[in-house]
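Same chain, two partners: chain A is paired with chain B first, then with chain C.
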Partner chain A sequence: MPGRGKLIAVIGDEDTCTGFLLGGVGELNKNRKPNFLVVEKDTSITEIEETFKSFLARSDIGIILINQFIAEMIRHAIDAHMESIPAVLEIPSKEHPYDASKDSILRRAKGMFSAEDFR
Partner chain B sequence: MYGFKPDKATEMRVDQQLRLDEQLLLFMDQLEALEEKRHKLNSLIEEGWFSIAKARYSMGNKQVSALQYASEMEPLVYVETSVLEGRTAEFKCERKENKTEELKSNTIEDIGAKETISGLRRRINTIQKGVREEDQETDPQVKTKAESSTPEHRDPLKWFGILVPQNLKQAQSAFKEVITLAAEIASLQSAIIATRKEMQAQTKEQQQKTEKTQPEMKNE
Partner chain C sequence: MSGKDRIDIFPSRMAQTIMKARLKGAQTGRSLLKKKADALSMRFRQILRKIIETKTLMGEVMREAAFSLAEAKFAAGDFSATVIQNVNKAQVKVRAKKDNVAGSLAKTFLVTTKLADFFFNCSPHHECHLCLFSGVTLPVFEHYQEGGDSYELTGLARGGEQLSRLKRNYAKAVELLVELASLQTSFVTLDEAIKVTNRRVNAIEHVIIPRIERTLTYIITELDEREREEFYRLKKIQEKKKQLRERTEKEIAQRLAALGPIAEPMNMLNEEADQDLLFE
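Up next, the complex of A and B:
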């Protein structure tokens, strides 16, 4: 059980999960649900969304790392998340490089530059 | 001669505008820092994938996949979160060091071991010429091997075999660095959102004040 710190969750394709698990973020035991989800070709969007929401609901997760192409599938759920903890970080995948214009956080930050602000 | 002395309202407006400018500069700095860290994160992740692919090439396709994941895992890295004033969240990465515990030797076994070893040593010493002074100290000699603690603390690298190629180790160190960077980026993102909210609030405040003073000016 984590003492003081929180966990880092991962929702990504196989290689992304393998990499982060090698880094030591993974938690898997019979008492608790895992803090990662390997998204394959046949993984349903419902499952991804439910996993994401369950990570948000957990109080022991500090950061959620998610491949951007998967984030696109559940963009509405990510945009709806306004709290600062857990933080959601979008990362590239092998087939889809990182696109800053799609990132939820940056879109929120970009939104400030409207005509209203400079009147 | 140039008798223009700004009134209080104007002074306040100027102060507010200066504050807004400062916020804007801070915002820009934060965005720049974020872009830099993001760039580094993305290239490290790609480096990690490349190393994993190379390891897969040398070990075999099915030897580096989700099939190798352990059935039980314990996290070796945690993130400390704290919420600062202004609702900014800070994230700090903390890694659990893999401490090898000194084996708490069973005294009975130890004595047994000591006897046999000192016995052997005596035998060796009679064979060899000269008396060894090290003969006297038996404790350090009988140090049984320090085992790594419980299996939960095992290095995830071991899931893929005892002897793993260097590439897999490189992938691991790349991803370890990615994790640390991720925590820094998460902090920055939170700070950026907070700065933006602050700027919006200040702009709104300024607009409201301008609207209040404008009707006054019209009446004059």
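Up next, the complex of A and C:
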């Protein structure tokens, strides 16, 4: 049963957000609320967590992209999210390259990990 | 746990046949479920491997995109603020499809192994929306474009080429990320499904089947005991009958001896004195 088009939300530093907005994922909904959050050095963790939770609650968001170093800050909130939609994807940022051992999705399959090797 | 009980049922031959049939059914069910769980785990591992591959690929794509962003910034100046302010409508959206399995449950199970073979060779997700897998609905994301490019005029002053390259890079990154998201969601769903199926397999194996077996042994013992009772009763009756017969024979022999050497059987015609009738 196909749903109405769902948005891709972004929680990241300025460069990540700019890039994705240029890619065309940004939107302001009816209440002028954006589907992205630019995280700077002085953004508080509570604010990030609030935005994340609000994105989860919104029914028109299908995917949430989040920089890995930000995901580390709100790790507990991400781990608590068990549903399959919206999908939470961790992406690397310019300073922090991708680290698979920190990814919350992959950690769930910890048991299978010993058999897999990172190629 | 004192779950060592059996199903309360009146022990009879029919009950025994019924229990046997139920045991057979439970065993078949368990093996089918085990097959399903195995198929699901295989698929799960496949998806996991694909996810790791895609994630590493994505890391590279993102690095490239970030690099082109730096280039564009160098050429066009800092456009981040303008970009962020000019957000209006999203061009790229995703659709979440949930694919269902058609057909009856029995057919699904029977076709499981065949389906499994078919889908092990099919490339996951982004092309085929037929992501059904032995009764489990897997969500799939497909991305689509809508509306015009709201940043068409951004690089007009300078750095236009870098900017358009940047946009293309990020669009490619978005596509890859959508595919990754599909993989991830099906990963999570499969994880749940595997847990549930394994739980059911264990339940059947450790609770249902032993219970039925216990009931079966109980019925058999009851029936045997009843038979033994019957047998014993029969034997006792036979003994009693034999004793009775022996006693009567002895008595007859005694009476015969008392009557004299030759004893004729009684002749009704010879008897004179009949008993008087009641009315005189």
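Methods note: the second predicted complex is superposed on the first by the 104 of 119 C-alpha atoms of A that agree within 3 Å, B and C clash if a C-alpha of one lies under 4 Å from a C-alpha of the other, contacts with A are read in each partner's own complex, and residues count from 1 in each chain.
Note that in this section a contact is a pair of C-beta atoms (placed from the backbone, for glycine too) under 8 Å apart; a residue touches a chain by one contact, two chains touch by 3 or more.
Being a predicted model, the structure only gives us computed values, none of them experimental.
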| item | value |
| --- | --- |
| Partner chain in contact with A:Ile91 - chain B first, chain C second, else both or neither | both |
| First, second, both or neither for A:Cys17, with chain B first and chain C second | both |
| First (chain B), second (chain C), both or neither touched by A:Lys6 | both |
| Partner chain(s) touched by A:Ile63 [first = chain B, second = chain C, both, neither] | both |
| First (chain B), second (chain C), both or neither touched by A:Val25 | both |
| Those residues of chain A which chain B touches in one complex and chain C touches in the other | 2-8, 14-28, 34-35, 38, 62-63, 65, 84-85, 87, 89, 91-92, 94, 97-98, 100, 105, 108-109, 112, 119 |
| Chain C - residues contacting chain A, complex | 44-45, 48-49, 51-53, 55-56, 58-59, 62-63, 65-66, 69-70, 79-80, 83-84, 87-98, 139, 141, 144-146, 149-151, 154, 163, 166-167, 169-171, 173-174, 177-178, 180-182, 184-189, 191 |
| Of chain A, residues touching chain B in the complex | 2-8, 14-30, 34-35, 38, 62-63, 65, 84-85, 87, 89, 91-92, 94, 97-98, 100, 105, 108-109, 112, 117, 119 |
| Chain A residues touching chain C - in the complex, by the definition given at the top | 1-8, 14-28, 34-36, 38, 62-63, 65, 82-85, 87-89, 91-94, 97-98, 100, 103, 105-106, 108-109, 112, 116, 118-119 |
| Residues of chain B touching chain A in the complex | 27, 31, 35, 38, 41-42, 45-46, 48-49, 52-53, 64-66, 69-81, 83, 87-89, 91, 94-96, 156-157, 168, 171-172, 174-176, 178-179, 182-183, 185-186, 189-190, 192-193, 196, 199-200, 203, 207 |
